[in-house]
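Pasting the structures in now, so scroll down.
Below are two complexes that have chain A in common, paired first with chain B and then with chain C.
So, the complex of A and B:
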């Protein structure tokens, strides 16, 4: 009995760890550095057809007619498809399927797909697109989310332009502001950031001779893609096989359907030939989802002693033409809009609004990036006003495990905010900030050092299914095949899965093979998003492991002819307790099992813990689990031009127990640099519904030259429910750095920026505005 | 259509195709050398980087007609899993690859940079050398370390062989 308990609780064992927490290198590293790893568009199949998508010519227009005759007459064209050729439901979308697979009556953004062409060559497919005649009645595009909300605005969808509205209220907001000695009120604008994964969307579709459909396409949730494809094509999902791993980067941008349904449709119309679509960067910029630009008005009240007493937030999110995950993004933003603090009176609401500005959806941070700037900026303003230390104010207001958060719920899971702030105070950059600030590279440059803290929910929140599932199979060669559907999108979750499996089974890492993102070989385990894959996949494996151990021990007991209770796991074998001479190998066990025609495969299933009650109208709050993080940054601002460089970053995450230090640092460094891009450079410009931004020529992401020195100091709060104490990391790593950079610019120059990205022009103008009129020389 | 003769990873090859096809497409479609990737097609990202007679270039910007008699080295020519180059090993050891889509281009650029120096480069030198390769995942920090680690290893190897 006690043995059994120990086995099922193995993931809680923090002693004598062999793999978990150790500097294990990526198991897929060699294939990546040699170019041997095949991404989905790297495959080649004979007798292929090239697929191309005709995109809408206008951001908002009625379709009067579509004439495909000329395109069909092209000698190298195999098929031309329109909405008429969709056998099932003409729509997709993770939550609300409001995006047409191929538009019928109306186009709502220039990324909209109107027709598909399959052709013998790429050139033929491209020229056929030009031969399709679409007669449009052009409408005035709706380009401003706030204007889209007013009555009388042209309606993009039958129910109007407000896709969703969420609100969270706690305490008495009016009383809170009455108690306040200081009130800060500001409006913040955020950019339309692009995921800019280096691999654009693309893949293959093929109808197999047995009538099943194969889709090979980088994606973040193959099992869900299956269902979305099935709905559009009126197919049995069991006859659709999706291969969605590895991804050349995702960051949320491949969570929604990209080209899967188009591939499926084409595949059904070309007599079993394989079809490939691979978006050019320009098409990816046009059609791919982006981060929601937000307008956030924040009013924060505080008392003289530095206590935050009230916070009122109104956020408007521009979701573009379709919902995708816009409702969820807005809800998560509102859940996080008062920071990781215990503000007794809050009133926060968010609107997710349709416009003709492309399409927005999931993106690392999921709405929190946009709202963290308000509360963090106001805390800095409070520090400035009162002369209190900005770290002390944060510590004073931060909730601890067991406290009631601003949302009014008791936080039961681990909370590392205070520890991250303490580490920040002790770090070299913060302690010696005056010295660092004095070391400017040019006399006309100024340096600033600042701190910010934030948090991010792990998992899906209330109201959405959230589960993990793993399979574990003993192979003839004595290795274990561990299957977790959650895709590899770059994070190295596969390596962590191998570590967890090896740790639980007490075998060496090279005894583990990991299979991901293949719906034929794995069980549905949810999406690779919401910072959930380490936690969820890890727990699912830790749940499967005892079943495997049971199978192994039972068989070993039989072979060695001793009671099962005397069998012990040893390194890469099972032995009789206390007698090393009596053992069996995994290989022997597999032989016996196969001989007896017994299964060598076990499963493990796991549901993420959830809160009992959802806050009314919150759209899924609160989460049970959060990751926490503090960033300290140093910037240098050129006062002549506004040009700003981030020179140093100290990243202090609380992701629970760190399972793979190198992987955690990788997330931290990648997140910091993406956060720098968000804050200083990146924005997809859309004017009158038309993209001004087209490629990396005019969309600037940080290069190695803009990379600062980044130090990561993890704080390992122990999350009881996590695999070996782990939580999640992937999103929080790009959040506090945003307000930290904004505050550092202020520390350097006195200028406050409320519109991101903080381009040199904006910083320059903000600096000018801080100067007294008499001092501005003309 | 035109016959074009050149060398890929040390082997003499020839293709018969439109001279306007890019070298990148030829490498990927005709020779199944899919390590080189197209990400922007515009010379902005470096994920298609190969060596032409030892010089690193964006293969998406080179037309096949331009490389008659030229020697091309791709990431596969630098090393495969069975015989990894020091710089490839250093990328694995330092954790400098995440999704890996940018990695082949970075390996080629790093190899070409290391071929031209015999010291351990400073951060600034690495930044200048790799400024043309975009990576969205790693935040470049481990890439910088990997190149320096490789340089260090390369120097010790040279010392022992001399």
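So, the complex of A and C:
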């Protein structure tokens, strides 16, 4: 058998699975639950220096001079650094490195870093910041993305304020609208959501005696961080080691550089002492990456029979002061802006625009959250107008595997939309919605039930490299060390890696040790983002496994003195086929290999399948693979106050084969709650470039009391290319719930809220606008 | 003053506390549960020379009925209040408010004395103290004085309590047999939220169906200090509190308040919500009264 064929069979074998698809406990579960797990920022070291960042005083200003003399004179200060101390390139950014490590001439948002202080104590570092004198020439901030696009607006960057412009056109949009019996047009505004991870940005760094640099910090792509650090410090990336797992939450907010380069700079100026930076929550609110607020204008045309015939979208994304992943976010938004449907005529464009409003970047959902509301709301309006069933309209317009999507490409990978919609129709909440709606808890409350569906690309899309790699090492005690660089950010991907490895190697789960996020021990395997880590990491392991089996079988054949073809893989051992008395354990094999000075380590590499051709000007569309999802929700609105509770959620993801049901539920429930937060509560308010929201006091995330009953019903559309048929769902789980809640509020009250979050005040005023004040006992 | 330079002392008696409080050359401040104090210390707003830690002063942690009312020690936690049978029976409006403070963790640490002394316009127990005619006992080395609650607060974060004084007792009027109370809060979410508007209502009911003999209504978070809504209170006794009467009374509330706009809500919405919460509260109270 050729290696390729063996490998293909290993990850496709869905018979007699021992670990895959089973609700195995998380390998890091108990330490997480007990709080014993230490994150990188939990560590303190003897002789440690505290690092602090001086942030810009104004959202937009020229720097005339920076004087650090007084700060340097502080008795407890070890060093004060400015742009002058950067040996390499003073900039970073995943795609466009337009964000200064330390600002030189101009500051573009209040999160900007102007200087660094290293001091003996945190308190000394903080007081030294106040001693740094920066002379600014204050400029008028650019605070509205649309106005920023206009000619004559002050330019934040040399090339102007439009960072990127993408568009996708298919069919004939004018003809489409001519054919339409109904046309709906609305504008939707989305919030500046914050990742609100439990572990704020931070970490520590140290220059080792051998001159290599060690950075330990929560991050979402250690191997890329190495390159960004190297560029700024003018170092050889091979001399930088990043330890980036586990994270106390990521959600995209640690995809970009957070503190790594600052740590590296400080580490180079403190004679080998360790240095720690840990952002306070307030600083994280100010300087951390946020979700892009979008203004999306959507015009949808449909015929009487419920066919969607045209969709026109214009989205404007406020990326704040720097690009980070703004261009990619905007591109993904446009790729998804017509939903998982086959609308023959579309015209969609997106602009990613610089302003002085903080910095936006990657966040779970990556632009799709912002655009899914338009098409889904319009489908509900169409249902209302025509009397057609909203689920039927969606089923009628949804593409199936092999169909041509709205983008005009043939979708070759698995598509579960229709199955998720069917499951939704059959679920208790939808079937009995009239009964549920009648059971209001108090007479002035109103309930609504609604459904929405959406999708989300898995992996990077065209134009960005997208690969996975795994190492597998047989250890002296007969266990395997499986290395995948992709970090643990809370999702439980390590457990899935252990399951896939144990399944492929036919050993018990506790014989697998998973190593993640350590650039010294793992191969570059891409980011923990884009819903890709189960799919990519799983496939990389499934690719490495046959190499390990080959190594084991060869050695076993030698020991047992039989041809390799007679060796069979059994539980935790290899035996001669048909003769259980003749076997060797993995431990024995390791001994022999070590005796012979042979390597006990193998690798597996995997390149994600891609489409052949990129749609012109689309910025990376289409993806080869998408996860699909339908949500059904019930809300209850207090018509006296506008307070709204989500009471029930049915989450129906098309995850491909579910590798770990508990992991899926964890993602599904976490995603639903994050979607509830996005829709009803969360927004970082910035006025004139200054943060109004400063802390968790005013940034409202759902608590357990806002968490409804969530039922997850997976649809397992088999994805041929995935490990054991799996694909990714980590982002789509928070998407359709957004328009579903908006529609449920409308179902309950008749009010449509197009500006999120739908706070009690906004809902109250929208209700006031639709009718007379609601009063008791009507 | 830096946080690391602040001294903390933990006196064992009230006298000792008062002695330290009287020290002229040093600024000092009490720390009870610390749920306001620590937040403000980190913000740099409260940085005294000395924290006088009083959390362990169990002599100031009590709930007992005396001749002149129910006495509540300032170190009584919100959880103590929620679990007190006496208060559930005779001051249900206060137990209801303590239940709405933050969340359980906060209620375990936070004290009623701290809630009063912080004097936030959004403090949740404060409106209930207005409808229960609370009296605040202030003690200094030299004297003890009793201040009625409506004279205690002078503005956001400001009270008549002098630097050398300590709150040593809170005396409230026990509700009688036919008195019922409710606390309504509107926050941006259900737990851990600062009130956008809150209202405490206490009613004395008569023999006839929904006959109200009198009552007190106090709004929080709608003005620099608590607003007693005298106009609405007068309307309580005009008609039995059926739905229409409730709507009329609630409809008058928005004129009684003077809220501001901030990040949490606009003044306009706060005004409407004063009416909405009163309406909801009276409705719920009457339902409970009918079902008693």
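Just so we're on the same page, the second predicted complex is superposed on the first by the 765 of 778 C-alpha atoms of A that agree within 3 Å, B and C clash if a C-alpha of one lies under 4 Å from a C-alpha of the other, contacts with A are read in each partner's own complex, and residues count from 1 in each chain.
Please note the rule applied: a contact is a pair of C-beta atoms (placed from the backbone, for glycine too) under 8 Å apart; a residue touches a chain by one contact, two chains touch by 3 or more.
A quick note: this is a predicted structure, and the numbers were derived from the prediction, not measured.
Colleague: So in the superposed three-chain picture, is A:522 touching just chain B, just chain C, both, or none of them (first/second/both/neither)?
Modeller: A:522: touches no partner chain.
Colleague: Taking the superposition as given, does A:703 touch the first partner, chain B, the second, chain C, both, or neither?
Modeller: Once the two structures are laid over each other on A, A:703 reaches both partners.
Colleague: For A:663, using the defined touch cut-off, is the partner it touches chain B, chain C, both, or neither? Pick first, second, both or neither.
Modeller: After superposing on A, A:663 lies in contact with chain B but is clear of chain C.
Colleague: Once chain A of both complexes is superposed, is A:618 in touch with chain B (first), chain C (second), both, or neither?
Modeller: Neither partner.
Colleague: Which chain, chain B or chain C, is in touch with more residues of chain A?
Modeller: For chain A, the partner with the higher number of touched residues is B.
Colleague: Which parts of chain A are touched by chain B and by chain C alike?
Modeller: Touching chain B and chain C on chain A: residues 697, 702-705.
Colleague: Would you tell me which residues of chain A are touching chain C in their complex?
Modeller: 121, 123, 127, 442, 444, 638, 640-641, 643, 681, 685, 692-693, 697-698, 700, 702-706, 759-761, 764-765, 775-777
Colleague: Residues of chain C touching chain A in their complex?
Modeller: 2-4, 103, 186, 188-194, 196, 243, 246-247, 263-266, 269, 272-273, 276-277, 279-280, 283-284
Colleague: Within their complex, state which residues of chain A touch chain B.
Modeller: Per the touch definition, chain A meets chain B at residues 25-26, 28-39, 42, 44, 195-200, 246-251, 280-281, 489-492, 662-663, 665-666, 668-674, 695-697, 701-705, 707, 710.
Colleague: Using the touch rule from the top, collect the residues of chain B that touch chain A in their complex.
Modeller: 28-29, 32-37, 39-42, 44-45, 47, 74-76, 78-81, 84, 88-89, 91-93, 95, 97-104, 107, 126-128, 130-144
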